[in-house]
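First chain written, first letter: the chains are A, B, C and D, and each begins at residue 1.
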Amino acid sequence: MSIAIVLFALLVTAWFLAMIESWTATGRLHPAAPLLSGLAHLGRESVVPRTPDRVFFETAPVLLLVAAMLGAAVLPLAPNLIIADLATGALFFNAALAYVLVALIMGGWGPNGAYAMVGGWRFLGQLIAYAMLIVMPITAVAMRAESLVNTAIVGSQESLWNIVYQPLGFVLFYIAAMALAFRPPFDLPTAEGELAGGVDAEYTGVRLAVLRLARLLLVVTLASATTVFYLGGWHGPLLPPWAWSLIKTLAVAVSMLLVGHYLPRIREADLLGWCWKLGIPLALLNIFIVGLLILVVP
Amino acid sequence: MTPVLILALLTGAVLFGVGVYGALSQTNLVMIMMGVELILAGALVNLVAFWRFLHPEVYSGQMFVLVVMTVMAVEMAVGFGVATARFRAKGSVEMEEAEDLKG
Amino acid sequence: MTPDPILTATGVRQKRPSVLQKLFSRALASNLSCLVVPGPEIALAHGLDVKAVGMRIAGTPRDASVLLIVGKLPEKMSEAVAVLFAQMPRLRAILVLGARPPSSLPGTDVSGDLSQAALIEAVARLKQVMAKGAFASSPEDFDSSVLHARTEYVCPMHPEVVEDEPGSCPKCGMDLVARETGESTPEHHHDHEHEHHHHGHDHGEHEDEHEQCHGHEDREHQNHHDHRQDHEPEHHPDHNHDHSEGEGHKQEKAETEYTCPMHPEIVRDEPGSCPKCGMDLVAREDMEDDGGGEEAPGHGNDHEHQHHHDHSDYDEHDHEHHQDDGHEHGHGHSGHEHGGHDHGASGFMSMIEVTKDLPRSADGLQMDWLEVPFGPVFPGLPGGLKLTLTLDGDGVTEGQAASVVGITSEGEEDGEMDANTFIEHLSSAMPLAPVSYRLLACLAIERAAGLEDDSANAGGRTGALERERIASHLGWLARFGHQMGFAWLANRASTLQLNVQAASKEGLIELEPSLQALATRVGRTPLLKARLRGIGVLPTGSSDLRGPVGRASGKGGDAWARLWQRLDEIPASLDLIKAAVEPELPVLRNIGSDVSGTGETTVETPRGESRLKVSLEHGQVTSYELDTACSHHIDLVAELVKGRELGDALVAVGSIDLSPWEVIS
Amino acid sequence: MYIQAFFVAVFGLAAIGFGVVVFRTSSMVRSALALLFSQTAVGCMFLAMQSEFLGVLQIMMMATEMSIMAIFMVMFMMDPGGLGGMDMSHQKRFSLGAGGIAAATAIAVALLSDWGPVTAEAPDAAMQTRELGFEMLGRSMLIFETAAVTILTAMIAATATAIPAREPANHDHKETSR
């Protein structure tokens, strides 16, 4: 039952995001836009490029979808609304999202095109730059909760949300999450102006529909993670817990979609430089500060 | 004696065998590293199985697994370092062409 | 217009129309995405607002369902368009505005004039057509002469080995890999299934067209495969097995020797086992003969040779699971295995041999380089500009730019031309700066006719020129924003450009605050400075730099300086407009019917100074010489992109605001 | 019990299957990703054997590790796409024999040894994570720290080995221009 509800909530959020996305592309807010665009994709031919690595080409969008869903599976919507409340939930979240990288490498290599391949390898090149900034802030969050269980992490924020307790961690995580979801301004693997769509470039029809859905779900998953780890998850007055989770997730997801609208794409060299030289030391500092706070403040 | 333990040990054994075959038969340094990774994966399976089915109360078993995982990472790092240096110097990471390393 | 609302047969999908299909086509009709050819900036310059009619602008043909052709296309461009159309997945339509459809395309679905009203009307009609006639039982294959290619077989390791038939490499015994070339020679008639129509036609002059757009390969033959999937068994003919054998023997001239895989020092003339380890000896060609004899011609430009083809068939792929190519691979493989003894192809190939001729990257590793075409229709580059970059991973090692749409004439093109026709000709050839070139032509002809400069209409002309400068800079901002993924800037600047183009003097003055706001906003954008600072630095004081590019070279000469130079020129132009009278399109003054002479003049177009020299004879333009800023700037590209990261290189190219139309070829 | 046996067997077979694929395909990216999925299957085996932390850790670490493997494969292979179907192995018979003997020995040991009494119940996952933490930062702290320092050293050493030598900088230029 809770599985169905969580999946439904995921879909609703993705639907909403798709609406926003089509709004930014066409300037029209249309409630049925996601349905129409999905149907349009299904109705079109799904071209297979010449001499592809067929296995990779077919698997990549599905793997991306699965990775995003697995990540969402360990994030609670409400105290009991969670697909799997693992004892190592926070770690599992990282593990699931590591496969986003694998999916992109497959999607870059599979279609046998230069743009896609450069896109795929670009994402691998950024790997440590953003992956460390996902893992290390989560470490600090888990330190405060003294648990890797995601429901316990939300529980630890009842009095004070983590965004206040460790704002540095929030900022790092938010940026890294956008890089992991390769949304603008971090859309280096799919940069349209540079790589003509990159990893997305060769997908059409049904496969493109799956890929788009997967990318939206990835944003939802990361927004949901931001909510769980930093925004107090289901905590909030008046409304039922699931509503608070949904509202916060939506807000974060929409912000992730819109921020890139107002920023130019980041240079790859800058991204790597800043993440390595600034982000990782800051993340370590964040862990240190949180550790001090835990020891000092009862 | 549990069949699960035996199953896991058998898997570990076969992975080990495949890894040994790979490490010995491949001519490319990177492929040899893949073989070594498989050997270590076989070892990992055994370690976890021993911990789980023989001494679940002793956490040094899990610690051992972590150490082996570290070894895998170290092996990768050093292996790629050597491969890159060799490729830079000789233009090849093929074992057949590593005549200067022959004893 | 079309009585029967159905898409052209090359655009429909093969499905029996059903309820579900109807739903799909409805959805598609309400979700059009168009690929604008030659480029979105041309549509904007013509005052077309594609977004306003509810179409999304697609970056790639893969993503597009409508091919929107704006205006007349030069010949090279219309060939590229055919390739683009072939790359579009089915349920694709062609919408042509203001021109006849290029002959390379199978006709149009909807056409109209070059105006926003016509666009709105055309899109409405297109939606109907899409909704009703999207599926048909008998789609046609799109087959244009431009798309024909011949399949040839190359060794992945030895690019100099090019065979007409599958087989194994005479040097290393590896299976040859199929790839298509644009050129085809009439004598190669193969009856392989996979070649179907891609052979036997002589289209040598189209060599490169085939791959030039977007670097996507032509997918047309893929469509064919889709359609004939029921005939799958036919795809596995074994009949050309003998080719490979024959080919192998023919090539096999080098001496064969046998060596132990483990002990290279063991070399025998005949097969046997190794005295040291007892392993079977492996046949090997005599490497030295081989290297000296066959490789020599290709040594110097080995990588170029290889990479020239890489972009169409990137050669690092495994296609053993790809049914379409599986058969040729399969039998080639068997050829290889027998070949081990038959023709001495060896089991051991030297990696040192392979890598020694590869170029070294900046980090000192020998890597494969990849020559990738960007354009002529590439999102983020002006349409018609073809950039060929040699990529080393994400870095550009070298690159050149060429214009596909450049003006071809520097002299008497079509013989004599009426003065007014000439003005029209010149201004329509420069869709990104028509007013400037109209003014240039008018002035030059007036000079030639011996007329004095007239201050009466100078004000209106200045107004029009400056208005175009603002519009052009805004158009550049829009394109630059799109290239950098800065969606807000792209949207805002293109909206403003549309407004500015049509505005009167008062309208322009009203727009001033929004233009200022745009500049302020750009100045405040985070990351932008980091993105542009130090990118595309041009040497100061070079005489080739003109216009904003030249003026920015004193202020740092990088992309950031050029951005600000253009942003600063907008208010300066506004001031000029304020001082002048109502902008009006330059019209040729009465020069009399029978004047002769030559006149030379320069106009500071939005992209820099252009010079025109016209010879008049009896009121007819007999010859002219044109010199534009862009034809100088395009030569800077090679230096700008060299050794840069891909993103930086493209930004650097974007920042000099090349108009491929103004490149004189 | 049976469910556990089933999952261990399934993931074990998957691990072995992908492990074999590593050396059977000539496409290098496929090789690397097959190894990745083999390792992932091993991680899933850990999960099936109720050691959740280790399983998840294995799944996470291997994804990144093997992706890096993939790019090195592409860099350092002659024919990374495997289009030429070239044979990149040597001493096949010897290796097969050695691998077979190694596997057979290990299997024999597994089957013939008396492993003693087996604990049916494992501690629950949260408990395990906690206890492992105490183990890691308590009794085994020295080992843990040593491992950490080792990997840091290895990273630095590997980088130092891989980057071009500083001194003969001119030499490199010559090579490029040649």
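Following the convention adopted for this analysis, a residue touches a chain if its C-beta (ideal position, glycine included) is under 8 Å from a C-beta of that chain, and two chains touch if they have at least 3 such contacts.
Please read these numbers as outputs of a predicted model, since none were measured by experiment.
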item: Most remote chain, CA-based centroid, reference being subunit B; value: C
item: Result of counting contacting C-beta pairs for A-C and B-D, higher pair; value: B-D
item: CA centroid of subunit B to CA centroid of subunit D, Å; value: 6
item: Rounded Å distance, subunit A centre to subunit C centre (Cα mean); value: 34
item: For subunit C paired with subunit D, centre-to-centre distance based on mean C-alpha positions, whole Å; value: 43
item: Cα-centroid distance, subunit A relative to subunit D, in whole angstrom; value: 27
item: Of all residues in subunit A, the ones touching two or more other chains; value: 53, 55, 109, 121
item: Multi-partner residues of subunit C (at least 2 other chains); value: 261, 314, 317-319, 348, 351, 355, 364-365
item: Residues of subunit B whose C-beta touches two or more other chains; value: 84, 87-88, 93, 96
item: Subunit B-touching residues of subunit C, taken from the complex the two chains share; value: 261, 264, 348, 350-352, 355-356, 358, 364-366
item: Subunit D - residues contacting subunit B, complex; value: 1, 4-5, 8-9, 12-13, 15-16, 19-20, 22-23, 28, 31-32, 35, 38-39, 42, 45-46, 49-51, 53-54, 57-58, 61, 65, 68-69, 72-73, 75-77, 88-92, 94-96, 98-100, 102-104, 106-107, 109-111, 114-116, 118-123, 128, 131-132, 134-136, 139-140, 143-144, 147, 150-151, 154-155, 157-162, 164
item: Subunit C-touching residues of subunit B, taken from the complex the two chains share; value: 84, 87-88, 90-94, 96-97, 99
item: In the complex, subunit A residues that touch subunit D; value: 53, 55-56, 86-88, 91-92, 94-95, 98-99, 101-102, 105-106, 109, 121, 124, 127-128, 131, 147-149
item: Complex interface listing, subunit B residues touching subunit D; value: 1-22, 24-31, 33-35, 37-38, 41-42, 44-45, 48-49, 51-57, 59-60, 62-63, 65-67, 69-70, 72-74, 76-78, 80-85, 87-88, 93, 95-96
